[in-house]
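Shown below is the structure under consideration.
Just so it is clear, A, B and C label the chains in written order, and each chain counts residues from 1 on its own.
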Amino acid sequence: MSNSIEQEVKNIVQLIMDDYKKPGAINKGDTFNQPNKDEIIHIIKNLQYIIFPRYFNNKVLKSYHKEYQLGAVIEDVTYQLNKQISFALRYRPIFAEAAKETVDKASEEITIAFMKKIPAIRECLETDVEAAYEGDPAAYSKDEIIFSYPGIFAIMINRIAHELYILDVPLIPRIMTEHAHSITGIDIHPGATIGKYFFIDHGTGIVIGETTKIGEHVKIYQGVTLGAVSTKGGQNLKGQKRHPTIEDGVTIYSGASILGGNTMIGQEVVIGSNAFVTSSVPCMTKVSTKNPELQFKTNRDTTFEVKELEQNGFLDYII
Amino acid sequence: MSNSIEQEVKNIVQLIMDDYKKPGAINKGDTFNQPNKDEIIHIIKNLQYIIFPRYFNNKVLKSYHKEYQLGAVIEDVTYQLNKQISFALRYRPIFAEAAKETVDKASEEITIAFMKKIPAIRECLETDVEAAYEGDPAAYSKDEIIFSYPGIFAIMINRIAHELYILDVPLIPRIMTEHAHSITGIDIHPGATIGKYFFIDHGTGIVIGETTKIGEHVKIYQGVTLGAVSTKGGQNLKGQKRHPTIEDGVTIYSGASILGGNTMIGQEVVIGSNAFVTSSVPCMTKVSTKNPELQFKTNRDTTFEVKELEQNGFLDYII
Amino acid sequence: MSNSIEQEVKNIVQLIMDDYKKPGAINKGDTFNQPNKDEIIHIIKNLQYIIFPRYFNNKVLKSYHKEYQLGAVIEDVTYQLNKQISFALRYRPIFAEAAKETVDKASEEITIAFMKKIPAIRECLETDVEAAYEGDPAAYSKDEIIFSYPGIFAIMINRIAHELYILDVPLIPRIMTEHAHSITGIDIHPGATIGKYFFIDHGTGIVIGETTKIGEHVKIYQGVTLGAVSTKGGQNLKGQKRHPTIEDGVTIYSGASILGGNTMIGQEVVIGSNAFVTSSVPCMTKVSTKNPELQFKTNRDTTFEVKELEQNGFLDYII
């Protein structure tokens, strides 16, 4: 760099340092006493390794005796997660000013409670892999699903983050689900409750809101929103049931939106592509949209065979 | 950590170790004899470097003589890919119990066959860059496209993965395309066949199914699905043509869905935004949806000028 | 590897080396005199650390005196960005053949001008965090938004890249926004101009085109396109206003498309889910689509209560 830029750097550093002294939310953080996003992503990687031990490698530890390696990783996750939780708990009003010992004790209890949930999380994921294999003709093996399906990764993160959410851990669950959102395009709030045998196909663009309840054997395609009818109430709506309830055996095809906290989709309902649903649907019903009529114009000289293009009656076929 | 959590860790490790002994798909993996996702992503990075040698760096090797460096990277990819393929081939029934020599020989033949396809893959990608530059007024140079367009990355991975798919390699092609899906939001199954001069704009939310066939000079926008009409047949549908055929010169605007294995979209057809198409369209036809009518309500006191908002007739303009 | 594959590798290297000698865009790059994508992503990471200094860690430098660390990172970013800009400027015709000194001087001036914009960028982001907190009942704290919301990351990158774009830096702004696109699924062209208090909820699938202008207090949901009506003009359209203008206080719900360079959405307008808008809307208007009618079929024996499913009248509620 020339002299001029070297001198300017000093001014720039001063300019930015002065800027940090202004009031404002973005200047309030405290690096040494806050959860760390990179650490949380590292915990996720190790949890994935614990949950699917024979599929994902741990780079640090190499061992032919998986048991030793897994024991070490489980211990490491417990330690790291406990640390992150102890920072996060400070965001709960009751712990904001509490003694360090109080927070540490609460954090350890939560960490132990969470770690003991791992077998239950694995039990659910076994059913999710099963559902993906049964539901997708493009799946060649269950291993392919475990290795590569974004839906399985997103569901794994939801099942982990949801346990932390119901243990009242602030910040960390959402950092985890937003990491999954970044990797998969599937945005499931950690508050959402999801039953066994859940299958997400393709997944990109899916949004599942905080107070959604989903039963067992539910199947959801790309671009589906399970959302709120309006959020213009902002923070005043916190805690209210704003998102729908989906009962067992429901299938929701691509691009459909189901909105509202009182909206209940009954057992075995099928919701067709792009349907926009804002009230309840009784069980065993097929709901489809009359997709917008198509218009055709041709540049060819030949007569246009309208019949060939007839779109009527395909809806029953779709769902 | 306090004594209590240190003691609990032992119990947690035991709990999870016991859980691994249960039957179930997620306990069946075998780390040392399975493809490794991290290695496959590393292979992709090196293949990108080989394909666009003057755009993407290889961190490990630094050399002013690109040729030496490239030679080394090509050798490394060949070695690593061969290793991963030899693991993956065990998923094919004919190799599940075969002698190691048999599998190794098959793996080497496939690896060599794949590596020799690289010039043909590069030839296609040259045309894809050309199509992106011609098609996008926001593109300032071809280098910008190579460096940054997600469509080019997704197409590169499809062209690589498709070659492995037609060489009957299990697992690896799908791990590759799901990596591209994660990076770009574009989900192209490795089975899809795609002609030259393929242009994807924006891309997020695109789904292109396994048995899709796409001709040359095809242009696709964000949120387009080339899918199956129904997958409720699950594994019974495997191998059937479930996804559409798109002929040369077709343009498909954002959010359109084209579904079904018998659906053929003829040459030079233009499909408008959000159209939902489940039967064939003859060549040189413009298909548009009559988009749902808009409703307007104003909070202002002044008379509402409906004419200003008139939406009729814009559809021809769109396509 | 067996002898056969070792011998073949030589042939493969030769085959690919010969292929590089062909003419074509993908063979024109020049590693040593071109921007480097990995370096640009590294600059983004450091800029995020400078902008939110107490939230994101810098792995390399550990220090209890944040000021020393930040000073060092600011200097590092200035140096690295200057280097990348000096390579990128060669893509501008006036610098393509210019003397090294001329390019270096221009690069330093641009780098200094950009770095001095950081306080202004931070001022905007403070308002964006505020808007996200006010607008989203699922947000538990502003820190949660800073740590995890993809919208904040995408807006941060847009605000950085837009400053470089208006300083006429080629390539780098787009590499930055496409990185954000990859991480978040939100595709904002660096040319787009965005006012304060901008809130993106969920975000996946959003596309905001190059010539879009967005006012203050605007709120946008997943899957929204602010796009061009047609890009079939390709490179001939470069520089034209192709994308809409969104005035202050506008809310645009999920899946809506607003297209065209002359389309102006007036103050306080609300655009409902999935609306497809291609002409201007006067201020204080609510625009909603009559969503496609739903069709219901039941497999149950009991009489079907249509009234329960009545969908009429929900539109006013939605917006």
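What we mean here is this: contacts are C-beta pairs under 8 Å (C-beta built on N, C-alpha and C of every residue); 3 or more make two chains touch, one makes a residue touch a chain.
Note that the coordinates shown come from a computational prediction; the quantities given were computed from them, not determined experimentally.
Where the sister copies subunit A and subunit B meet, the same residue numbers recur on both sides for under half of the interface positions. Matching the C-alpha atoms of subunit A with those of subunit C calls for a turn of 120 degrees, to the nearest 5. Subunit A and subunit B, compared by their mean Cα positions, are separated by 21 Å.
Counting only residues that touch two or more partner chains, subunit A has 185, 204-205, 223, 255, 274, 291-292. Per the touch definition, subunit A reaches subunit C in the complex via residues 1-2, 4-5, 8-9, 12-13, 15-17, 19-20, 24-32, 34-38, 91, 170-171, 174-175, 178, 181-182, 185, 187, 189, 191, 204-205, 207, 209-210, 223, 225, 227-238, 240, 242, 255, 257, 259, 268, 274-292, 315-316.
On the side of subunit B, the complex with subunit C involves touching residues 50-57, 59, 64, 66-67, 70-71, 74-75, 78-79, 82, 104-105, 108, 111-112, 115-116, 118-119, 122, 125-126, 129-130, 133-144, 146-150, 183-185, 201-202, 204-205, 222-223, 251, 254-255, 273-274, 291-300, 304-305, 308-311, 314, 317-319.
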